[in-house]
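The structure under discussion is supplied below as structure tokens; questions concerning it will follow.
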Amino acid sequence: MSIVLGPNQYGKAENRVVRIYRDTDRHEIHDLNVSSALRGDFSAAHLTGDQTRVLPTDTQKQTVYAFAKEKGIGQIEDFALDLGRHFVNDTEPVEGCRIEIEEYVWERVSIARPDGTAQEHNHTWIRKGQETRTTILTIDVLGGDETLVSGFSNLVILKSTGSEFHDFLVDKYTTLAPTTDRVMATSLVARWRYVGTEIDWQASYDDIKALMIERFANVQSLALQQTLYAMGQVVLEQHPEVAEVKFSAPNLHHFVYDLAPFGLDNHNEVFNADDRPYGLIQATVMRDDAPPAGRAWDTVPGFV
Amino acid sequence: MSIVLGPNQYGKAENRVVRIYRDTDRHEIHDLNVSSALRGDFSAAHLTGDQTRVLPTDTQKQTVYAFAKEKGIGQIEDFALDLGRHFVNDTEPVEGCRIEIEEYVWERVSIARPDGTAQEHNHTWIRKGQETRTTILTIDVLGGDETLVSGFSNLVILKSTGSEFHDFLVDKYTTLAPTTDRVMATSLVARWRYVGTEIDWQASYDDIKALMIERFANVQSLALQQTLYAMGQVVLEQHPEVAEVKFSAPNLHHFVYDLAPFGLDNHNEVFNADDRPYGLIQATVMRDDAPPAGRAWDTVPGFV
Amino acid sequence: MSIVLGPNQYGKAENRVVRIYRDTDRHEIHDLNVSSALRGDFSAAHLTGDQTRVLPTDTQKQTVYAFAKEKGIGQIEDFALDLGRHFVNDTEPVEGCRIEIEEYVWERVSIARPDGTAQEHNHTWIRKGQETRTTILTIDVLGGDETLVSGFSNLVILKSTGSEFHDFLVDKYTTLAPTTDRVMATSLVARWRYVGTEIDWQASYDDIKALMIERFANVQSLALQQTLYAMGQVVLEQHPEVAEVKFSAPNLHHFVYDLAPFGLDNHNEVFNADDRPYGLIQATVMRDDAPPAGRAWDTVPGFV
Amino acid sequence: MSIVLGPNQYGKAENRVVRIYRDTDRHEIHDLNVSSALRGDFSAAHLTGDQTRVLPTDTQKQTVYAFAKEKGIGQIEDFALDLGRHFVNDTEPVEGCRIEIEEYVWERVSIARPDGTAQEHNHTWIRKGQETRTTILTIDVLGGDETLVSGFSNLVILKSTGSEFHDFLVDKYTTLAPTTDRVMATSLVARWRYVGTEIDWQASYDDIKALMIERFANVQSLALQQTLYAMGQVVLEQHPEVAEVKFSAPNLHHFVYDLAPFGLDNHNEVFNADDRPYGLIQATVMRDDAPPAGRAWDTVPGFV
């Protein structure tokens, strides 16, 4: 028996880079949280502390900010590709990498004109505050195998009817009452694996999100599992550039509050929004002929 | 010398009550975080543990949920008044109270029709995710002195130009360079004290927020202090029902990243959004003939 | 009627300064979070944007780090006095200030010797992780009125018996069952106002904390109010340098879990530790001849 | 092409169960956060909403609390095995599961006796506040393949000397200066995979943690990678029951503050503890003959 180095990576996490475009009076803003991690043969650094082959995490940070100017920031998938290809192609010891980007969307403020119409402001925004758009680029081997897993986190969505839960398995620890009408809410994390890198990222993102929201709203739900499957299915049907969709969906319980002690009815009107525990449903919807994912999902947190 | 009980209050904090109105297919949702605190002569509870005069915090919780049905939830100021007047008027030992409510706003999802137009959904929402609307009711004495301090927290707003900072005081520890063009951003907490309780709360809130945003966007800022003052001033000028406005504004620093080592210019294009430390500006703008605030501000956190 | 500037202050919040003493091989570490806020006549900055009298928040930050070297960091109360006196005495427009310091305590790691005894390490520590020690210095007027409010936050303490709650006031919304034996837990925030500035800060802190813990543990509690009063009382009895003690104590509910559906007894053995809502008790214990507090408590968050 | 259900699991996350043993006056406390997730053929629930084979997440919660009484809570690994075996063996559709447990350690308070010695209290504790002990049980197939990955999260450890970083790879974006003496700090997450289930869990945990701390303290570090490797190596050398160790170590940067503008030296005495970005090192140390891990690491967040 001997002791060996196993899988490893290192990088700089959470570079909070903001890029303003100010070529005209109407500015544009891109607000990102960028994390890089490099892979390759770094065994000397681990075994003997030899840093000869190690590009410092500080350099990775400098590169993120320099590229914000040199390459510019448009779609986060493109920025991830710019960074990832640079690290893998231009740094000899680096054989693969993981680039994760979160984007915080800002919405332009509108100011009322004297006539009551609204005018968008040139250089002032409020942070939109809903879901965070995400992408994770995995490059597995030098010169190839680029996989982008995009998606969003923390889309907090709720429906106040159109959700049932009944006819479930019962054992000796089951006390839950079945229901044909409940509140269903989640703080949804959705991630989808793209095939290829020549995609209209913004159009894909916007339409995938809209499709998911429509299904969440309109499917009569018998379980959160069924809703998620329907959401993934419609995305795969309409987006050939997507091979696979994964969801992690906490069931944010809204318990009907017991008002009987006070002689009050409560027909799904008053709820306690509870914090913990919460149900947690994780599911994958995929094409049966999806190309292999390689290591693309290995370090995507929160999925099965 | 003897040891005595000083100021005290007790209550139930953070009741997460959600109220759905479902009288028609088009539901409405109100999502609140309600905290109550009662004041009065509770010295026996402190000195000897005698609970005879203590309405349990559990009862305060039950009351919040019961009132969500009995009184209903519309404007948070009205719900605060319903709760506060009940506790003070209907519970003999209670002489005053503090009711704090936070409201999380949800926005109705829109679903695309086949013809491309959007239709609002009847019973599905996404949490809006921007500022939290707040109110704090103080009732000081039985049967009178009701003061409402309303406002919002965590409105994250940024302007990418139109902000300067120069000609400041310099001492031996000053290294900061003056600037005539910088990013200014804050996660604004604003609170304003209303005079009276017969107010169109929603209309006041909407207009006050819009006025503040307009001033933030359009005032050429020489300092965050000046911007805040202008924001408070316009509210007082146009809203006679407001006696006083307080702001707590962290200066969310966006530092111009030094790209010179890489031979790159950076004309306010690439920024590091730093976490800590942050400037913190707290200011009050008020009418010189404002009626006394009593204890209304005493337990409003984060203000000078 | 005219509009005027009311109370205001500005400063740099959350400077995370770490000071290592390394004069011998046995290092010492002080890990602080320092916030400064200056008060005075800064109306020109608010009204016209004139910064002539404004010492930048960046300079306040530089001063904190410079003083960590020039003055050194020992007791947080002394460091607060160093900073506060400098700002008020050495900067003409500054008439008062607020210096808040949080201290994160580290404990030296112990390494086992071959003989099984433990040896403290010279330069390695683990963050202690319990309460955060705090102080807030208020200087109200140039050359005088220095008040220190010290204490701690987030001491998470629990007793599994020795706590009762019964014979409370009952109204129509009361459903709570009385109990003579419950778990009582809190994440305690305690603050006490010192009289004077020539005090053995460490000795006071250690003994006050020990006294509070002893009372929490040994008083048979009829209510959290009674326990807090006993804790404040003993501090005032034994510490003449303390004028006043304030507590903010969330009641971290541990609900006895209902195991009856499974035919299981539960004699205070299995609990659900709930998150929200929570009871919140705030109380003051003071000397009846305590000198006036001035503005010392005005901006201490979380107290009545 | 057709669309299919991929990997999925569902369960109840973050059951906050507290178990008190009170058979004698000297109570014991166990404070856990338990999450369960079940796996099997649940395709009907996803495809058609048929819940016939679905044991509700509410039932999983009830089981956790019931087992806290029926089976009792001792070592978290044993409690995970109790739960996991029950779900897999006693519920027909369940073919595998994941049980994750976090344990919050409490330390008994000590009260000073009149003679100055300390006495441990029978029923009062303070939350210890350091690392959270963790375990994740994976059962892959009915009746076999039980793998426990134990460890801890958030052990915040710092050394103020004995750490170097130099002779690293330099490219055009590298501006970092080499150093032979720096502060090294991390909030360590460590996880190790056990072989077998008949282990003295407490003894293993205590010794593994002590070995890691000793290596962190005493290894002259040329890089965090080297330190982590040494920490994993010593554990594998001395603990045959461990097959593999994984670390996720944020490099909590303590930057030497530039005091030169103030004419002050700073020989590693005054630091700014920065929040973001941070280096992030993830590494595995393993036996070359370790048995396969199966799916044990698939859903352990934060590791490569």
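In order of appearance the chains are A, B, C and D, and numbering begins at 1 in each one.
Heads up, the rule we're going with is that a residue touches a chain if its C-beta (ideal position, glycine included) is under 8 Å from a C-beta of that chain, and two chains touch if they have at least 3 such contacts.
Note that the structure is predicted; figures quoted are calculated from it, not measured.
Any chains in contact with both chain C and chain D?
Both chain C and chain D are touched by A, B, going by the contact rule given at the top.
Identify the chain pair with more contacting C-beta pairs: A-C or A-D.
Looking at A-C and A-D side by side, A-D shows more C-beta contacts.
Roughly how many whole angstrom separate the Cα centroids of chain A and chain B?
That pair's centroid distance is 30 Å.
For chain A and chain D, what's the span in angstrom between their mean Cα positions?
One centre to the other, that is 24 Å.
Suppose each chain is reduced to the average of its Cα coordinates; what separation in Å results between chain A and chain C?
Chain A and chain C have C-alpha centres separated by 38 Å.
For chain D, jot down the residues that touch at least 2 other chains.
15-16, 62, 66, 173, 175, 261-262, 275-276
Any idea which chain D residues touch chain C in the complex?
15-22, 27, 29, 31, 62, 65-66, 68-70, 106, 109, 111-112, 121, 123-130, 155-162, 183, 210, 213-214, 216-218, 254, 257, 259, 261-262, 264-275
Would you mind writing out the residues of chain C in touch with chain B in their complex?
1-16, 35, 37, 39, 42, 45-59, 61-63, 66, 90-91, 93, 165-171, 173-176, 221-223, 225-226, 228-229, 232-233, 236-237, 244, 246, 250-251, 276-289, 298-299, 301-304
Under the touch definition given earlier, write down the residues of chain A that touch chain C in their complex.
The touching residues are 172-173, 175, 261-262, 275-276.
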